[in-house]
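So that we are looking at the same thing, I have put the structure below in structure tokens.
Each chain carries a letter (A, B, C and D) given by its place in the written order, and its residues are counted from 1.
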Amino acid sequence: MIDRFLYLVSEGIRSLWRTKTTALATISAIGIAASFVVFSAVVGENISGIIQIARGQYEFQVFFSEDVDNIRAAELVDQIDAIEGIKSASLITKEEAADIFQREFGENIFDLLEENPLPPGSVLKLQQPKDKRIDVNPIIKQIELVEGVDEVRYQGRLISFIERYYEGFFAAVTALAAAILFGTVILISNTIRLSIYARRDLIRILKLVGATDRFVRFPFMIEGILEGFFGSLVAAAVSYGFVEGSNYFLSLFTQYRLVWQFQIVALLVGVIVFFSFVGSMRAVRKFL
Amino acid sequence: MISFKNVSCTFEDGAGIENATFNIEPGEFVCIIGPTGAGKTTFLKLIYMDIFPEEGTVGVDKYRSDKIKKRSIPMLRRRVGMVFQDFELLRDRSVFDNIAIPLHVQGVGMKMVKDEVENVLDRLGISDRRDHLPSQLSGGEQQIVSLARALVKDPLIILADEPTGNLDPAASLKVIELLEEINRDGTAILMATHNFSLVKDRGYRFMQIVDGEVQT
Amino acid sequence: MIDRFLYLVSEGIRSLWRTKTTALATISAIGIAASFVVFSAVVGENISGIIQIARGQYEFQVFFSEDVDNIRAAELVDQIDAIEGIKSASLITKEEAADIFQREFGENIFDLLEENPLPPGSVLKLQQPKDKRIDVNPIIKQIELVEGVDEVRYQGRLISFIERYYEGFFAAVTALAAAILFGTVILISNTIRLSIYARRDLIRILKLVGATDRFVRFPFMIEGILEGFFGSLVAAAVSYGFVEGSNYFLSLFTQYRLVWQFQIVALLVGVIVFFSFVGSMRAVRKFL
Amino acid sequence: MISFKNVSCTFEDGAGIENATFNIEPGEFVCIIGPTGAGKTTFLKLIYMDIFPEEGTVGVDKYRSDKIKKRSIPMLRRRVGMVFQDFELLRDRSVFDNIAIPLHVQGVGMKMVKDEVENVLDRLGISDRRDHLPSQLSGGEQQIVSLARALVKDPLIILADEPTGNLDPAASLKVIELLEEINRDGTAILMATHNFSLVKDRGYRFMQIVDGEVQT
């Protein structure tokens, strides 16, 4: 029993070697197909990362009523901070508002008027949920309900532009990644089927001399698993190289770096190995 | 051991076997003769259940063609040693590995496989070809390897389809004598041949296929 | 001669039929691989389309000096309009500026002061070169050189964020598309090699009975071309379906629609057919 | 027509042909005899230039093994009709298509191909098998198809490797008589066989391979 098992495992490994050309073609085909999956995962990860950074640039300004003084303003800021969807709110005192006015309009407000007519305010950052768009309006509404808030101002067009696409984009990326994974699975099982098709004689002869289906299948199973494993290692290496290369290239333009997540790649390796295994089982069955 | 009951197995154009009924007992040595296209190979395929009869039943050992499960066919084939007319060797495996396959299929231990294969290589005088690939063998040598693969598993019956077709007279005679020797140890032999002169006076049981009819 | 040609063409077509299983596996493998290329083209096209839209939202405001009146301002706007990199410049009169102040600060400037201290200005749109980033600074510098211009204001952080990534992104997409195309080419020639490997006997026997290399190759060439053609048709259909499906889905969120460009897809079909042809030629050579 | 000059072609273990020198004239009928593994197939492979000698030169028609370009080998093979020991039929093509291949290779017109193939099918009595695949033929029938494929191209020489190995005596005799008939029309025949009794008294030139030496 153990002898047969060892024989079958060694058959699987030796058959990789015996059919070097085919095995290499299969492994590189799996490698390339798997690279597409890994790429799509890396690209998806990174694009959504970039979008998160872009969202991090959103600026919300809250203006309080003219009768709110700096002390009251600090209280209002605390109230606003507690609203759901807001990550942080910081106080802009009347004096800071005057500084801003000067920066924006190039005029000292005190040169124009004796007193400072500008109200205190607050600058906000929103929470950035990864999987759904930020719906700005309800948050704005809630802020406006706070007694003492006069007006909320934000880069309406740009934010609504990004957020409008965000969910659709997320869905599209997910669908695309699923499609690519699905395609790759078919591709892999096709490739393995072709490589097994070239050895239908072997299967026929084994059956003629009394091999059970299990016996015939086992070496192909080992072979499929090994091909899937080596293929996805290739994909992991290629994608790692690509990410590192891109990062070198990116460093010429920007500080942003692509991320290569070991966990995701390891998961994908597992998935590819699994489907290589399934693919070779299904392909062998055709000839049994 | 082998029993045919009203077995018919024909092809569109009338070739094949019709309504054959007979028994072959354990330890018999049977020669199947008949011209080209008579149905000798078809006959042997029925026994190792590569094809099934349209009518009637073929019984081999404890297996019956009308009841056998797909799962059991390998078990049947392990008890039957086959020498195929076209050898059916694995092209990418050495002589040694080809002969070893039936033993691996049965789960025989590594060491025992080595002993048995070397034993049979010796017996057939092809030890010096053990590492050749089939493509590096002459036609006759391939035929002998095919025979070796049938012998190695120590079968109940040997089905030999034209086992001397690619051999010179001296080698043919040696093969025949070897089969007789194995037969004396109790293994039934079923040999298809058209080399009637080679087998005629050796006291075998003859079965002749004429126009699809099996005459015993 | 013509007989031989017809025979070889019909052999190519019949061999597709004869090896239905393999041919189908090959075509679907090519189809999937080609889909990846077409997808990457569609996605690249569309992402860059979206970015162009985002860039279309850039707003530049130019403030003129206090002593510039509306008539002079109109002249300045013409001057600015002539600067390279600017698509359009429109005038904001002193009165419009006051309106804007009211909108922004919620106070009527005339309530605070008798006269309107706000200068006239201009709102700009930039030209959007598709293939390179917009370098804002030189344009700003040039505007600031115009006599009478006081200050230029724009969404500095967000623009510089997008533009910082734009060129890198463009380069990355190009590199990725090239990598995918390259991978696909290898994949296709691998697949074809596997399908030919299963028929190395045929090649050997043909050579034994006196076939020239050309004779052996020709049907495989036809077969490769047909497989590439059908495979890339599959890819075109799949990607078309995907784009249409996505558009239906997108319509739930936004008005943006993905574009499926016939010309690009047709070009890719040509490329895939060409490489299927090359792949089968190279694979056959191994067995000649 | 065929000339061997000091031809040696051996394998690691000493098998093969050594230092053979002889000529075969157009229209001769030559039998190569020798036991299994003597080197008969190797000998024929040298002639259709599937393998090349280590030493000496093989000349066939106007081609010489030491000068022939890879491009010219197909031209040589078109003039030589080969019956392979293991048939070498295309498995996925019908009998008709298999036999037609050498004609297509030569660019013969469709109609002529049909006529010629049907002609040779008739002559060999296998017209009723024309649409069978090789797997649907008996061993002997495959051998006859292989012979038909060699005859159809009307070659200068026919190289027949054991062309009767899978045939019964009657069919063998018919094949021999057919080859003789073709020989009378001027085609040289080179036949490897170990069925000495079949060919012994028919007035052929014999060449025997003994321990690598070709004795003429």
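Heads up, the rule we're going with is that a residue touches a chain if its C-beta (ideal position, glycine included) is under 8 Å from a C-beta of that chain, and two chains touch if they have at least 3 such contacts.
Predicted, not measured: the structure shown is a model, and the values here were computed from it.
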Neighbouring chains shared between subunit A and subunit B, ordered by label = none
Listing by label each chain that touches subunit B and subunit D gives none
With chain centres taken as the means of their Cα atoms, state the distance from subunit B to subunit C in Å.
-> 66
Distance between the centres, which are taken as Cα means, of subunit D and subunit C, whole angstrom | 62
Would you mind pulling out the distance in Å between where the CA atoms of subunit A average out and where those of subunit C do?
-> 21
Spell out, as numbers or ranges, the residues of subunit A touching 2 or more other chains.
-> none
Out of subunit D, which residues touch more than one other chain, so two or more?
-> none
Classify the chain contact graph as line, ring, star, complete or other.
-> ring
Every touching pair of chains is listed here as A-B, A-C, B-D, C-D
The subunit A residues in contact with subunit C across the complex are 21-22, 25-26, 28-29, 32-33, 35-36, 39, 43, 50, 53-54, 57, 63, 104-107, 112-113, 117-118, 150-151, 153, 155, 157-158, 161-162, 164-165, 167-168, 171-172, 175-176, 179-180, 183-184, 186-187, 190-191, 193-195, 197-198, 242, 246, 249-250, 252-254, 256, 286
Complex interface listing, subunit B residues touching subunit A = 48, 50, 71, 74-78, 80, 82, 84, 88-93, 101-102, 104-110, 149, 153
Taking the complex as given, what residues does subunit D use to touch subunit B?
-> 11, 13, 34-38, 40-41, 85-86, 128-129, 136, 138-141, 144, 161-162, 165-171, 194, 196-197
Residue ranges of subunit A touching subunit B (in the complex, touch as defined) = 1, 3-4, 6-7, 11, 18-19, 201-202, 204-213, 215
